Every structure is written in C-alpha cells, then in structure tokens.
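A short write-up of the structure that comes next.
Chain IDs A, B, C and D follow the sequence of writing; residue 1 opens each chain.
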C-alpha cells in the first residue's frame, strides 16, 4: 500500500461547501505517482509506458475542507499487459471515497499494449490489495 | 439528448501532448448543467437537490488540443430516487470517451434521498439513451 | 477584440458560493487561443512559439454560477519580442474581472526570445485595446 | 515565513512538458491556508473574513514534473483593512516563480471591508518579508 497525505485547498471546494467531486480523480492520479515510478523510475515523459483505460469513483461521504486526507493506493489486479489500481480516501478516520483505475502498459513507439515484465510484476505484487 | 460543444484549453493538455484524463469528469459535470436545471430550474445553490454517488469514465481514444469537442448527455436509467446519466465525448467524428454518473435526488434538509417526482421523471424521459 | 462566451461549471464554484478565483487564469488562458493561432495557425505543439512571463488578475466583483460569461481579449502592448494581452470578464452586463498577460515570442530551439515578425505584428495590431 | 512542500501531479503538466502556468495560482492559494487560519482559526466557511482583490504571478523558470516544490509564503504589506501576501516557488534550489496576492479583510454581513485587528496584525507581522 502507498499512502499519501494531502491538505485540501480552498479552490477544491464547491458551492455546496464540500470538496468538489472532480478533484477526486485529480488526487487519485496524483497518488499513482509511485506506481508510475515502478514503470519509469525517473518519470521520463519521453517514453511514458502507461495508458489509462478506465476510472471508477465512488463518492461515499462528504469530504471537507479544513482536515487532512489520506490517499491509500493498492494494486487490485495484475493481468498480462493491464492492471487495476484500487484507491481509497480517508478523512477523520472515515473512508469517504474509493475508486479503481484500469491501466495498460503501453509502448508509444509501436502504439500497442506491452506485456508487464516479471520484474515490474514482482514490484506491483508488493502492493496487492487484500480485503480484510 | 443534450449536446454541448467546447473548445479545449491549453491548460487541459498534459505532458503526453493530449488532453489530460482528469479533465473529462470536469467536462462531463459541466455538461450535466441542463439536467441540474430539470431539478432546480434557477440552479439555486441553497436547496440543491442532487448528490453524485458514482462516476465511471472510459478513455477510448486520445483527445487532442486544437479541435472542438461535442459532449452528448443522455439519461440511461431512472429509478425511484436515483438515475444514471450516460455521456459521450466526440472529436473529429470519433467517440473518444464515454461515461456514466449515478445521481441521487437528495433532500439536504432531511439528509435523505427523495423520490423523483412524476413531473421530473417525464422530463428525464425525454432524454433517454436508446442504443441504435 | 476577441470575444468568447462560456457557461460556468458547477466545479468552478467554491465554498463561498461564487466562482473560485483560480478559474479566472484558466479562462483567460483559454481565451488566448486565437492569439496562439496568430503565432502558430495549426496550434502545433512541436514548435510552440510563446512563453508566458507574467499575469495580473483583478477581481472586481463576485462571479456567479448560473449565468454566462463573456471573455474579451485585446492586445494592449506590442514590443520587440514581447506583448501584453489585456482581458476582461463580463457577466450580467457588469465587468467582474480584468487581467493582463505578458507573453514573449520564444524560439524553443535556441531557447531565446525572438523578434515578432511584421506579419504577426500587423495581425496583433488589429486587436489593439483602446480605452474609450 | 510559511513553507509548504508539494509533489507536482501528472495532471499539472501541459503539452509543453512542464507544469502549466494555471496551476501556480492554485498552489499559491493552497499555501495561503495558514494565513486564512490567522483570520479564522477553524476555517469556518460561514463567516469567511477575506476577499481576494488582485493577484500577480511571475513565471521565472520552467517548472518540472518529477521534483518536489517548496512554496514560501510571506506577508509583504499590512494596511488598514488590506494586506499583501508575497509567495515564491522553489524547485531544485532555484526560484521558479513568485507572486503577490492583495487580500482584504471583509465582513460578508455588512458587505464592507473591515479594519484588521491588532491581534491579527501582530500575527501577520511575524511573517513579514524582508529582502536580504
């Protein structure tokens, strides 16, 4: 599991007084940084090896400005060339959102998906989500 | 079907040279404006009657800066108090993204979901998605 | 003068019930699209000829969700290699924000500023701001 | 001086491969959180005592994805009811951006600016910017 703690910004709120839902995909993508580094340790933009195929986000409770948020990031599936990232937002000891991102290992040169190497697969395996 | 056409902004791009995925939920929420108006014609923030429960977004093709985008918005399910919004992004005559938002008719005063009225149900029905 | 009309999105609001100030630089950059096209008609990202040196934004009145906004874009100064873009936001017949962006004609290959050509200078001149 | 360190997100980049300029006002506003707390320690949105009158941002060097950024926040002027916040972005031991925000102590009930109290003035004074 990767854990990142962020402080919500005033600009993240909306007129209902809570964090706007469109910020959650931004936070989740930000918290996938360590997963990007597994594929490209120097975050090299010239040979970026990943594509995002799909996201799902569940909004489970209102998220507030004024209290820190922990983003927990897990791997929940590892396929041949794709894998799923499962993420949760926690605020004030409550899970307030969860989501999944389907990512594909991609070779921009050939414009085709690429098999996940055994080395990377082993690293992803260290962050597997296992329901309690 | 509701249709909105937008011009991508330079700030919507990312380092891979395309529109960043986190903009799509922003565009989709923006294009749900006419649906918000069905529930609150004057977009009254004091008695906002909707909650977003879940979103799903499929990234189907790269989206480019420099060409307009049409957002098509449909209703794909109407339940007792909740309903689904189905949306598509089209650029250069190609569908580049699609997504679903699960929305709940919500009474902020009682903090409970509320039955969708027959009047609103009839209006939603005018925008039903029917697969060809 | 270039004019663009946009519809504020719910995600543009903040907890005070108005449009958040951080959206204005986003809208202003979006409305500079036609100026980008004067320098690179096909918006070619591979040879982007502009750098942003400075922005100033004045927040003159509260900006509301639920009413369209007109963005007016002018050229207010043309120097040797740099120029100023002056912009205004109008909502409900009131000017609600104004701003300036200092842009530099830039050659990414040599990493140096470049003289604005006479041809481009003539086009910029067609959009000069002249105070009433 | 207040110091905050952030990790740029992939979604903060743009097609030129660097951090997009529109993110800087977002980061600067986020880093003004501790100043908001001087005025409203519990960040109470119901009686928010501040208005943003103006921002200026200087873009001094390209800002990169993949390296942390420190945001330094100072008070650079204290007037009767308004004050200036001066901020800097540092990345890889280089100052890459600086900016100023003019803020006004505001009473939303009377819709008028309000004198900054001596107590708050003393706290602001602890964070005064003094050029070396």
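We adopt the following convention: contacts are C-beta pairs under 8 Å (C-beta built on N, C-alpha and C of every residue); 3 or more make two chains touch, one makes a residue touch a chain.
Worth saying up front: this structure is predicted, and the values here are computed from it rather than measured.
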Taking each chain's centre as the mean of its Cα atoms, which chain lies farthest from subunit B? D
Would you say A-B or B-D is joined by more C-beta pairs in contact? A-B
Subunit A and subunit D: spacing of chain centres that average the CA atoms, whole Å: 28
Between subunit B and subunit D, centroid-to-centroid distance (C-alpha), Å: 33
Report the inter-centroid distance (CA atoms only) between subunit A and subunit B in whole Å. 22
Which residues belonging to subunit A are in contact with no fewer than two other chains? 10-11, 13, 15, 17, 21-22, 26, 29, 45, 65
Touch list for subunit B against partner subunit D, complex: 10-11, 13-15, 17-18, 20-22, 65
Flag every residue of subunit D that touches subunit A in the complex, lowest number first. 7, 9-11, 13, 17, 26, 29-30, 32-33, 36, 42-43, 45, 65-66
In the complex, subunit D residues that touch subunit C: 15-16, 21-22, 25-26, 29, 45, 48, 51-59
